[in-house]
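Both of the next two complexes hold subunit A, though its partner changes from subunit B to subunit C.
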Partner chain A sequence: MSISSAHEFHYRTALGPLSRTAALLTLVGVMALLLADIEIISPEPGLELTRMGLGLLSPRIPDQYVFVEALLNTLSFAFQAMALATLIGFLLSLVYRLAVVRAFCAFIRGIHELFWALIFLQVMGLSTLTGVLALAIPYAGILAKIFGELFEEVSPQPRNNLLVADHISAFFYTTLPLAWRSLCAYCSYRFECMVRSSVILGFVGLPTLGFYLESALREGRYQEGAALLYVLLLLIATLRFWLRRALLPVYLLAAFLLLPPVVEVSWDGAWRFFTVDIVPAPLRNNSQAQLWSWLTLLWQQQLQPGVINTLILGMAALLVTAMFALLCFPLNSPHFVRGWSRRFGDAFLIIGRTLPEYLLAFVGLIVLGPSMLPALLALALHNGTIVAHLVGRFSESLSLRQDAVRGVNLYFYEVLPRMFRQFLALLLYRWEVIMRESAILGMLGFATLGFYIDSAFEEFRFDRAALLIICSALLNMLADALARYWRRRLHLNTTPETL
Partner chain B sequence: MRLLTVLAALLTSLTFSFSTVAEGFRFTAIPDQDESQLQARFGKVARYLERELGVPVTYVPVKSYAAAVTAFRNNQVQLAWFGGLSGVKARDLVSGSRAIAQGYEDQFFKTYLIAHHSSGLLGQSTGDKFPKAIQGKTFTFGSKGSTSGRLMPEFYVRKHLGQAPDKAFDRVGFSGDHSRTIALVQSGAYAVGAVNYKVWERALADGKIDRNKVDVIWQTPAYPDYQWSVRGDVDQRFGAGFADRIQSVLLAIDDPELLEAFPRQSFVKADNDDYRPIRDTAVTIGLIDG
Partner chain C sequence: MANEAGVSQINPSVTDAQTGAQRARTSGEVIAQFKGQTLYYQDRPVVRDLNFSIHAGERVALVGHSGAGKSTVLRALRQQMQSECAWCPQDAGLVPMLSVYHNIYMGALHRHGVFYNLANLVRPWREPWQQVRKLSVELGLEHLLSQAVEQLSGGQQQRTAVARAVFQRQPIFLGDEPVSALDAFQAQQVLEFICKRHDSLVLSLHDTGQALRFCDRIIGLVEGKVVLDTPALDINQSDLQALYQ
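This part shows the complex of A and B:
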């Protein structure tokens, strides 16, 4: 081997990991796209789309009473769940150093709030606590992780300079105040997500906006659907005006009075669910010998196809999300658009971000028919706009030379390469979310894990549902761990409060 | 001042409450078709029951067949309008519960297989014979837990095509309810669908169906379907003989407007044994463990 080629070799490996990771993800994404079932099945998508468009232009509220009630319910669930999640998340974050706590948090946030809702519907029926717990548990897992990581990142200097202090005082006088701002910023962002999740709970029967949104869209009453959609957008767009710290206790009190978190179901039922219903049928019937064939059948008929389809959808969606974000981030970047056009560009990105994937996929299903295409587009639109919005905003900090090139050259030779590291970091953060959502979208009929979980609940086979849900959580934990590994290895840092 | 406004808003909002927290007698129904129709139908039923039974009666709308069964199981509703299969499941889960009334037509209910004109299946009547030409087409059931939209059509597909639906068809979907099944097959998103014959005839009468686009190609043999089921413990809670009173009140419905909402010509007595064939069929195709 000559000296020069050895140099070259060294040079390549030094650049390697980042592009290799990107290339690997692209390759897997392309393979997933090839395997995915993405045809347009509806023969006349244009007709339905026109009707939807007309509906969007002429929103109508048929029953104001129902409307206001649904709105208040949506907010009440969100406030109560956020309070509970913050409390539990905070307590867990104090011991987040422990591997077992980290694993526990990853597990509870690996299960989507709709799956939690299906579980609690069995245990506590259509009650307030069902909605609150379904939202609070996964969010507690998310908040514990973010709080824990924020505490780790706080500068250790002030703490080390304390002369005498026990752990508790040190935490409250140094770590917590230093992390406080980020903590609050993150919580207010999470509350926005919580409102969206609360709306989506309506799709399984809780009395939030989603309950009426689902019926309106399914029955083609698009004027009503549009009105509900605008309320959701308005609610989130005006969040920073009405979500004031001083008013929080008032809101919370109102939420508790409006929907008291009471359960009116016997605890025997709950006990039976956890001790009998979710025990695998062969064990319940004392025929241990059949456990293996029960598992094999479940694996062959549901688990294996469910996991494979979830992976296919997730990986294909990750690639399309990436492409979409790369295409769209200039809409919010001062290096490409200015003034009103940037404001419009960013408004588009924010609207995309505000519409939950589940809702987008539901609409897509009506227009495009039941292939994986609507799910893929919904995931790409929602997550792509989030990533694009943030990459665009981060690109503000790039300072360009006076004589920098413009347009396409600027994009490909300067801005994109300089933003790529941050872009990849954001994308890897979104990966876990995309996997979670890929599984849940199955509830709409795509053949991912959610489809089989929904079927198991419909058939009252909670033992199957439990096993499938655990598997979907494990899949998420795997994606999370892999993303974390890559971020560490590639030295990708982003401030977590932005996600 | 602002605080006062908020508090005032809060107090007025207290008048709203979560429907299921309300006390009194509650019932639900499987969401087998357009929700707006269900609201209209069961709103009338609630007012009728309230008048006849002398207790406050609330209709609790739910989003899935399973949710209706769960509400019954958890005693959040005491009475329900179930399909054949959901009724069997619900009564399996609540001991002492019983079927008390069914529609006259529910004694010999049937499922229509409907097809889109592009499938080439329209107009070639096979009479009573199962149209085997549907093999390899796309096919949509109704809800996963439906009797007329899932259980019976799947049974006959397996019987005549000798395969599970996902093997026999190019693509299998679950539309969620009968109205949606009709819409999906009418638009051509699926070539063939299985639909409750009553919902089909209602949609036909309402002018929602273009028979040049979608039409019936086959009907199943008769089977027992929808019924009112009541929990066994209502007598304890609402007084002795309450279940029997509900039964006689339901059987006495003769208001044409109310019957038309279902649509059934009248209600007749039913008991749990009437649904044994449904249970056996569900066990046969593996929807219930024997």
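This part shows the complex of A and C:
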């Protein structure tokens, strides 16, 4: 807390609204931290941690064939889903001006890919299409939004200079080429996220790296887990070397050949799922009178605690993320570290960024036991390193005077005040993500919405699951709208960032 | 008012050399008119009490300090005759990542169907390519046609913007400092190129020599007011310089 209060004191007069927002978020975060159940439940956390550390030092690959297959599966899911998501997202972005399209996109991206996976698992089982659709649908919503915003932001000049031309020609000659580079940059960043998401799909049973990672970690085979982890890190670190535009068709074709997205769907079953199974039980049984008590019970026992815990985890994680990022961004700032130490510092941040929250929380759960602490730390580590990496990089552009102070004084007097606006903008972007992830981490056993959704699926109470998923989507849409409103009000950068 | 004979006096070859420009109107018809209007730029009155008409066949130069309201007048003219003017704004508004050819072709988007335009984006059609090439030869851009506009110098970009406007093939050319980034020799070539293809034109020019040489009517603006509106023959360069004092 000392960092932020020192900062507020320093800048109260110059940046009133920003400081007030920061103070409010801090206050809410502290309250959430007090309410959250954060304790170390595991009897001997040190022992497990030592075993993991040893595993990290001696990675071992037990079965190369399985290993390579998991790797290829992960990439196949990612490529197919990315292609589909880009296509759908692009088409949606063309009509993104329409409010109904914007709402639709917000809704489909409000449902996490793991929830989509749980839905499609019921209909299509453990098939390729389950994984591809689960990844592609929320990503299509995200890409539609980003593409749509990029199209709105291109310079209107070239288009205004045209004599009356049809919209389509005008779009392809002016808007699209003007937005093309940002579009490609964003897609390649999103592909990195897609690989991570594809890994995580393994946790619900699809044959990606995550599937083997989960079982290795759960059964304490840490050497194997470490090897899988290194593969994941290597895969993402080398992305820019092998993800070449010219090779994309080849990769995509290979992905389709390796995992053909064909599936034997029992159409009756699918139809039944979407028309009968997810309808609230009282309505299904024509006992409308009981609907109210059904809803009340669901609200009291699942929805309310789920939403409250999601909010608590999300707000607490936001605060810890902020602290962590403020602490760590000097690691990637030329004003504090130079040369090799900056490279090492940034490597740490990039590794933190590369590890998915879900995986970190799972590891934390093994070490610390089932309280909210592992979820909190996982969210803070993943999101904090992202924010820190970017704030550090943005601080490159600061030109400080020759006789500037050094060390802690430099941090508080020169760098932090100048970076604070940027920092807050990034943090509010991450807030949406943190809320989404807070809900989903429940699937690991934390009492957030994901926990109740997962349990509903396990008990085959799809009507409950559907309603809870819709509620989690609405919660995410709310966070999304609130963050946008806040960014606009504080005049923070509202253009899409590659986070 | 305008001296119609002046057109052929200054540049006798001009009126019969148009290629492509639609020439449906009879000479002398009023093509744009201001009757005591005030023009605004971003909600701020910039040009007050504007009173003049422009007739078909006139070649008008707008002269005056930067900030005098020339661009605002040109924008208002464009609004009046939107679909009949070739528009060459000061901020060229090119699409930097597309080739010179595609940027020039953009002047012709309205003449073709969607599929023709989209296919042309992937692979240029022979016919427009040859037409654009012909224009570009005269502007010294022919060796740059397949280069991205962002790789071009300022002068080359300006010539691309002129070519795009001309390729719109409209009878009236509205140009806001269309040659400001060119050296004297090139500027003259480009202005000749524009004159050859349009029977009417309104150009804002800061070079008074160019204004007198290529236009037959001079309108001088000072701080948003028209202080001079005269046939080019009745005025000389030193009179015009007085506007800039």
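One rule holds for everything that comes next: the second predicted complex is superposed on the first by the 481 of 499 C-alpha atoms of A that agree within 3 Å, B and C clash if a C-alpha of one lies under 4 Å from a C-alpha of the other, contacts with A are read in each partner's own complex, and residues count from 1 in each chain.
By our rule, a contact is a pair of C-beta atoms (placed from the backbone, for glycine too) under 8 Å apart; a residue touches a chain by one contact, two chains touch by 3 or more.
Values in this document were obtained by computation on a predicted structure and should not be read as measured data.
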Contacts of A:Leu258 with subunit B and subunit C, given as first, second, both or neither: first
Contacts of A:Ser127 with subunit B and subunit C, given as first, second, both or neither: first
Contacts of A:Tyr485 with subunit B and subunit C, given as first, second, both or neither: neither
Most subunit A residues touched (candidates subunit B, subunit C): B
Which of subunit B and subunit C A:Phe412 touches, first, second, both or neither: neither
Touched partner set for A:Trp267, first subunit B, second subunit C, both or neither: neither
Contacts of A:Tyr230 with subunit B and subunit C, given as first, second, both or neither: neither
Complex contacts: residues of subunit A adjacent to subunit B: 41-44, 48, 68-69, 72-73, 121-122, 124-128, 203-205, 207, 211, 214-215, 218-221, 247, 250, 253-254, 257-260, 262, 264-266, 269, 281, 369-370, 445, 454-455, 457-460
In the complex with subunit A, residue positions of subunit B that touch it: 3, 6-7, 10, 13-14, 16-21, 34-36, 60, 62-67, 69-71, 73-76, 89, 93, 118, 138, 143-145, 171, 173-174, 176-177, 179-180, 183, 187-189, 287-289
Subunit A partner contacts - residues on subunit C that touch it in the complex: 82-83, 87, 89, 91, 93-98, 102, 105-107, 109-110, 112-114, 117-118, 121, 164, 168, 170
Parts of subunit A lying in touch with subunit C, wherever the complex brings them together: 155, 157-158, 160-166, 168-170, 172-174, 177-178, 180-181
